[in-house]
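You will see chain A twice below: alongside chain B first, and alongside chain C after that.
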Partner chain A sequence: MFENILAGFSVLLDGWPIVAALGGLALGVVVGAIPGLTATMTIAILMPFTFFLPPAVAIGFLLGIYKGAVYGGSIPAVLINTPGTAAAAATCLDGSVLAKSGQAKKALQMSLYASVVGDLLSTILLIAVAAPLAAVAVKFSAPEYTLLFIFSLMLVAAVSGPNPMKGLLSAGIGALVGCVGMDPASGSQRYVFGSTDILGGVPLVPLLIGMFALAEVLDRVSKPLSLQHIASQVPTTAGPSLTKMEFTKCLPTIFRSSGIGAVIGVLPGLGAEIACWIAYGVAKKRSKEPEKYGKGSIEGVSASESANNACVPGDLIPMLVFGIPGDVVTAVLMGAFIAQGLTPGPLLFVNHGPVIYALYAILIMTNIALIFFGLIAIRAFSKILALPQIYVFGCVTVLAVAGSYAINSDFFDVTVMFIGGIAGFVMRRTGIPVAPFIISMLLTPMLENNFRQTLSMSDVGLAIFVQRPISAGLLAFFVFVAFVLFRSAKVRRLPA
Partner chain B sequence: MSHSCKVSISSFLVFPRQVETWNENRHGNGNHLGVVGTWITDFPLLEVGKLLVAANDYVVPSLQDRFKPVIPSRTVCMVNRSTTQEISIAVVPIVLGFAGIFYLPSHDFFKQGFPAPTTPDFFPSLVGVFLVMVGLTLLAQIRKSREIQIATHEPMTAGPVYQTIAIFVLYWLLLNPIGFIASSAIAVLALCKVFRERLRLTTLIFAIALPCVVHVVFKRFANVYLPPLPWP
Partner chain C sequence: MSSKLKKIFMVGSLACLTVIASTAFAQTGAFPNQPLKLVIPYPPGGALSVLGAVVTTSAEQHFGQPMISLVRAGGGGATGSALVAQTPADGYTLLLGEPTIVSLRPQVEKLPYTSDDFVPVARLTKAPIMFVAASAAPFSDLKGMIDYAKANPNKLLYSSDNKNGWTYTGFELLKKSAGIEMKGIEFGGGGPAITNVLGGNTMAYAGDPSILMDHIKAGKLKALCVADSSRYELAKDVPTCKEAGANIEWSLWIGVLVRKGTPADRVEKLRASFAALSKDDAFLRILARTNTTLAYMDGAQFSKFVADEQSSLKKLYDAK
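Take a look at the complex of A and B:
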C-alpha cells in the first residue's frame, strides 16, 4: 500500500494530472452554476476528448468536473432561487432568503466551506474504506457477483422515480440492449439484424452522450426560460461575511450531514439529490432553532451543501470496489474508466494501484482548490448566467457530434448518439428514469457472464446461492432489504 | 404511521408510492422542483416531506412569478396525460419482451422450448420474460387504479422541440456529404432560431469558429479526422 501511495504521488509529479483536474474543476463550477447544465452531460460530451490522454489526466479531469458541478449548483440556488443542479434544491430554502435579506455573501461562503468540508470527510472515508473493501471483494466469485448485480439493479430501478415499475421497465430495456451483439462465450449473434456495426454491442459512449447531452438540449428548448432575463436581477454579493463563530457553530451539522451524504452516496440508486433533503431534514430536527429553517438559517445551507458534496466520493466506492455504478454520473465515469483500460472492481486496486492513489490525491487537492474557484465563480456568476444560450447549447451539440465520431471515426456512432438523444428525451418526458437503463446496459454483460459461470459450476442449480457462505449471507441481507421494502410499501398503502 | 424521521439505511430503501399527485393537488400546476419533490415525499421520512411542502410553498410561487413573463401562452402542459399514453408505455415492454424471446436466430422457441440455462439464448429470453411481466404489471396498474400517472409536472413547448429534432436530423444527414465544419455551422445557426437569438456577427463567427477549433483540436492532439469538407 505504501508503495502504491508513493507511486501515486509520482504520477502526479508529471504535473498534467493536476492541471487537468483543476481545469475540470473550474469547468465544473461554471457548468453547475448554469441551471440546466449537469455534470453528467458535461462528462459525457467531454469523455471522448480524454480517451487520448493518460488515465490519471483523463479521470482527474472528469472527477474535477463532477466535484465542481455539484458545488456550482449552489450559487444560483442562493442568488436566484433556482438550483443549478438538483443536488442544490434544498439550498434554495434558506440560501435565497439570506440573499434577499442582504446576506448573500454569508450564504455563499457557508455553502462553499460546507461543501469543501463535506467533500473532504467523504474523501477520507473513501480512502479508508475502498481498499479494505476491495480486499474482501476479491474473495467474491461468480455467485456473489450475480447476487450483487441483481440487487443493485433492483435497487436502482426501485428508487429511480415515482413509479418503481417504470424503473424496472427501464432496467429491462437496458438489459435487452445490453444483450445485443456477439455472445462472448459462444460467439453466437443476438439481435444484430445482419448489421456488423453492433456485433460488439450497442456503442455505449455515443449512447451516453446522446442520452445526456442531446436530450438536455431538447429538454432545455422545451422549457422557455430566459436566463439572461434573470441575470439582470442577480442580487449583489456584498454584505456581511461569514464569521468564524458562525462557521464553528455549524460544524456539528456539517459533520453529521457529511456522514449522511457519504452513506447515501454508497447506496446504489440514491445520490446527492436525495442526500441534500435528508440531511436538511435531520439538521432541522436536531437543531436548537428549527423554527429558523426555511427563513434564512445558515445552518440549513451548511446541512444541504455538505451532504450533497459528500455524496461525490461516496458514489465512487461501489463503482471502484465492485464495478457497480450507483448513479448515472458514476455510470458515465465507469465508461471512462473502462475506456482507459481501468476496469472497475476489486482487482483495480491490485493492477492499477498507483493510478487509484493518484486519483485520491487529486480528489483532496481539488477539494482545497475548490475554495479558490468557488470564490471566483461567485463573483463572476452574473456574467456566467448572461452567456447567450446558443453559445452553451451550440457547444454541447457540436461537441456531442465530434466526440461521438472521434471514438472510432465511425458515422454509425453519430447515428447512435442522435437516436440516444431522442430516446433519452422521450424517456424523460414519459417519466421513465434513464439511470436504470444505463446502469443495466453496463452491468448486463457482467451479470450474464457471472450468472452463466454460477450455473456452470453448480451441480445443484440455483441452490448454489445458499450453499456458499458469502453468497448465502448476501442473499439473506438482500431478502431482509426486500422484506423492509415490501413492508414499508404495504404500510404506506394503508389509509392514514 | 410514524412521523419520526429515522435516518437509517433501511428507511431509505422504500418503494415510492405508485401514483403520487401530491404536488399536483397542492398547486394544480407544475414546477421543476415538483419532479424531485414528488418522489422524495414517497419515502417514509415525513419530516423531509414536510420540508418539501415548505419548499413548494416558498420556492415555487417565486419561480412561477419570475418566469411568468417568458412562458408563452401556447405552453403545453403535460400534466394531463391520457390513459392511452400509459397503455402505450405498458405495451412497449410487452412487445419488446416477446420480440426478445422469439427473435433469437439460434433458437426456435416453439420447437425447443425455453433455452437451457447455460446456452447464450437463456439470458436474453429471461430478460424478455421479465419485460413482458413488467408490461403486464403496468397494464394492471392502469386498470386497477384508473388514475392517470403524473410523470412530470414540467410545462413543455412542443414547437421548439420538433424544430430541434429536425435540426438534428438535418445535421446527421449533412455531416458526411458536406463535412463536419460546414454541417456544424449550419446546425448552430439553425439552433439560433430555436433559442430566439438574433443572428449577429458574433453568432456567425461563433458558428464557424467553434467547429473549426474542434476540428483542429481533434486533428492535432488526437489524430482524429472528423468528416472533411467535400472540396480539397
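Take a look at the complex of A and C:
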C-alpha cells in the first residue's frame, strides 16, 4: 500500500492533475451557483472532452466540478432563496431568511465552513474504510431501505412547522406527485394522461427551481406597489461575519449531519438531495432551539450544508468498490472512469492503485482549496445584494426559464418549472410548508418500490423485517427512538 | 446602479443576444447542415450513455456536423424512443436503441410507438447475456441452478431489472427453455440488481459480461453460462448456455436507428458515415478502454437482424 501512496503522489507531481482539479473546483462553484446549471449536466457535457486526457487529470477535473457544485448551490439558496442545485434546497429555508434580515454573510460563511468540514470528515472515511463500509452497505437490501424510508418520512413531522395538518397535506400531495410516471415493476402508467414526456416522472430540478425561484418572484410581485417601491431601492447589507462562538456552537450538529450525509452517500441509490433534508429534520428534532428553524437558524444552515457535501465522498465509495453508482452524478462519473479504462469494482484498487491514491490526494487538496474559492465566491456573489431587487429578480426569472430548459434541452421541463412556481406561490400564501412536500415526493416512490420488493423477496410476509439481522436491528432502534420521543413529549405537556 | 455595473450589464446582455441571434441564422447546404442529435433513452451513466458519449466525441469528422447526446430517460426507455418516433423524419434525430425498447416491448406492451416506427442505421456493439450466481448460492453451474429450481419451485430469487427489460427477458427465455419456475425481483436497473446479488440478497442475476467479469475474477460471483453461439472471448472457461444445458441466445445489442419515413438518401448518408466511424482509430481506441468490442453491422444486415429478432420474440410471447 505504501508504494501505492508514493506512486500516487508522484502522479500528482506532474502538476497537471492539480491544475485540472482546482480548475474543476472553481468551475463547479460557479456552475453550482447558477440556478438551472447542474453538476450532472456539466460533467456529462465535459466528459467526452476528457477522454483524451490522462486519467488523473480527467477524473480530478470532473471530481473538482462535482465538489464545487454541491457547495456552490448554497450561494443562491441564501441570497435569492433559489437552490443552485437540488442538494441545497434545505439551505434555502433558513439561509434566505437570514439574508433578508441582513445577515447574508453569516449564512454564506457558515454554509462554506460546514461544507468543508462535512466534506473532510467524509473523505477521511472514504480513504480509511471504503472497502469494509461498502461491504456492509451491500448487505442492505429492500427490507432495510423500507425501514429507513419509513423513518425518514416520519421526519415530515419535524419539518411541518406550527400546523401539523398542513404538513400532512403537503406530504400527501408530495406522495401523489412522486407517483406520477411509469412503475418499474408492473409497467403501468400512472397519472400520465397519455403524455410521453412525463413517463419518467416529474423532474425534480425544474420543479425545485419553480417552487423556490419563481414562487419568490411571484410573491414579491404580488405585494402592494408602495412596499415594492421601497424594497426595490434599499439594498440589503451583507451583515456581520460569523463569530467563532456561533461556529463552535454548531459543531455537534455539523458532526452529526456529516455522519448522516456520509451514510446516505454510501447507501447506493440515495444522494445529496435527500441527505440535506434528513439531516435538517434530525437537527431540528435534536436542537435546543427548534422553534428557530425556518426563521433564520444558522444551525439549520450548518446541518443541511455539511450533510450534502459529506455525501460526495460517500457516493464515491460504492462506485469505486463495487461499480455501483450512489446517485445520478456518480453514475455519470462512472462513465468517465470506464472511458479511462478504470473499471470500477473490486479489481480497481488492485489494477490501478496509484491512480486511486492520486485521486484521494486530489480530494483532500480540493477540500482545502474550497475554503479559498468559497470565500472569493462569497465576496463576488454578495455584490448582488447591492443591486436594487427589481434587477435581481428580473434576472432570476430569466435564469429560471433558461436554466430549466438547459437541463435537458426539453421545453417540458420549463412547463414543470412554471407549474412549480404557481404551486410554490399558492403554498406560501396558504401557509403550507414546502419541506414535507419535497421529502415525501422523493421518498414515497422509493418506499413503495422497496416495500414491494421486500414482499416479493419474503415467503414469510412481514416477518422478514425481523428475520434479517440488520433490519431487526434498525426496527429495534426506531422503536426505541419513538419510545423516547413519546416519553419526552408527554413530559413536556405536563403543567409546569 | 453604479455606471460600472450598468456597463457590465449592457455588455453582458449584448453578448447574450448576439449568441442567441447567431444560432437562428438558417443554413443551406447538403444534409447534414445542422448538428445531429443522438437520443439516449436511459439515465446517464449506463452502458448506452457511455457508448453515446464515445460516438458523439468521434462523430464530427465523419458526419461533417457535430453530434450531440440528448438524454431522455424515463419509462424504461419508452420516453426517448417515443420522442424519436414523433419528431419530423428529417434524419437529424437518431435513436441509440437496444432490443427491449425496439423489438420486444412495443410488441407486448401498449407503448406510444411501434417497432415499425424505426429504420435501422447501424449496429455498434453486441454483448451476450451472462448468467451468474451469488457466491453463497447453493449451486455453481447452470445444471445445479436448474436442479435447485426444480426441487424448490419459486424459491430461487433472482435480481431482475424492469418488467420486459433485458435481464427480465433473459430469465424468461431460460425459464421457458428449462421448464423451471424462479422468482424475479424487479430492482429497476442493473446497479441495484448487482448490489443485491453481491450482498447475497438474491441468488442469481444475468447481465453484461464486461461489468460482471471483475466480480467473477474477484470471486464475488460465480459464472454459470453465456447465452451466445460461442464462448465469450474474455472468459473462455465459461460455457455457453447451450453447452451447459439450455439452448438459448440473448444479446444486448446497441445500435442507431432513425425514424421511418426519413428520405432514403439521408438514411444512406448516415449509414455510410457510421461505416466510416467504425473504422476510426481514435474511436476504436476509446471503445477498447471501456471493455467494449465493436460488433459493427451495416444498415441492410442490421435491418434483417432486427426483423428476425422481432419475429422470434413474438413467437416466444405468443407461446406463453
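Note that the second predicted complex is superposed on the first by the 274 of 496 C-alpha atoms of A that agree within 3 Å, B and C clash if a C-alpha of one lies under 4 Å from a C-alpha of the other, contacts with A are read in each partner's own complex, and residues count from 1 in each chain.
Everything that follows uses one rule, which is that a residue touches a chain if its C-beta (ideal position, glycine included) is under 8 Å from a C-beta of that chain, and two chains touch if they have at least 3 such contacts.
It should be emphasised that the depicted structure is a prediction, and the values quoted were computed from it without experimental measurement.
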Partner chain in contact with A:S409 - chain B first, chain C second, else both or neither: both
First (chain B), second (chain C), both or neither touched by A:L251: neither
Touching partner for A:L399 - first (chain B), second (chain C), both, neither: first
Contacts of A:I376 with chain B and chain C, given as first, second, both or neither: neither
Touching partner for A:A331 - first (chain B), second (chain C), both, neither: second
Partner chain in contact with A:R429 - chain B first, chain C second, else both or neither: first
First, second, both or neither for A:P346, with chain B first and chain C second: second
Which superposed partner A:V479 touches (first chain B, second chain C, both, neither): neither
If touched residues of chain A are counted for chain B and for chain C, the larger one: B
Chain B versus chain C as contact partner of A:V159, first or second or both or neither: first
Residues of chain A at both interfaces, chain B in one complex, chain C in the other: 49, 51, 185-186, 189, 388, 391, 409, 456
Of chain A, residues touching chain B in the complex: 49, 51-52, 81-83, 86, 89-90, 92-93, 96, 155, 158-159, 161-166, 168-169, 172-173, 175-176, 179, 183, 185-186, 188-191, 214, 217-218, 221-226, 229-230, 233, 260, 263-264, 267, 270, 273-274, 277-278, 280-282, 284-285, 293-294, 388-391, 393-395, 397-399, 401-402, 405-406, 409, 411, 414-415, 418, 421-422, 425, 428-432, 444, 448, 451-452, 455-456, 461, 481, 484-486, 488-489, 491-494, 496
For the chain A and chain C complex, residues of the former touching the latter: 40, 44, 47-49, 51, 138-142, 181-182, 184-187, 189, 194, 196-201, 268-269, 318, 322-325, 328, 330-335, 338-341, 343, 345-348, 387-388, 391, 408-410, 449, 453, 456-457, 459
List of chain C residues in touch with chain A within their complex: 1, 5, 9, 43-46, 49-50, 53-54, 56-57, 69-76, 78-79, 82-83, 86, 109, 112, 155, 157, 162-164, 183, 185-188, 191-192, 194-196, 198-202, 210-211, 214-215, 217-218, 220, 286, 289-291
Residues of chain B defined as touching chain A within the complex: 1, 5, 7, 9-10, 12-20, 32-33, 36, 38-40, 42, 44-45, 47-48, 51-52, 54-55, 58-59, 62-63, 66-67, 69-72, 75, 78, 85, 89, 92-93, 96-97, 100, 103-106, 117-124, 127-128, 130-131, 134-135, 137-138, 141, 149-152, 154-158, 160-161, 163-165, 168-169, 171-172, 175-176, 180, 184, 187-188, 191-192, 194-195, 197, 203, 206-207, 210-211, 214-215, 217-218, 221-227
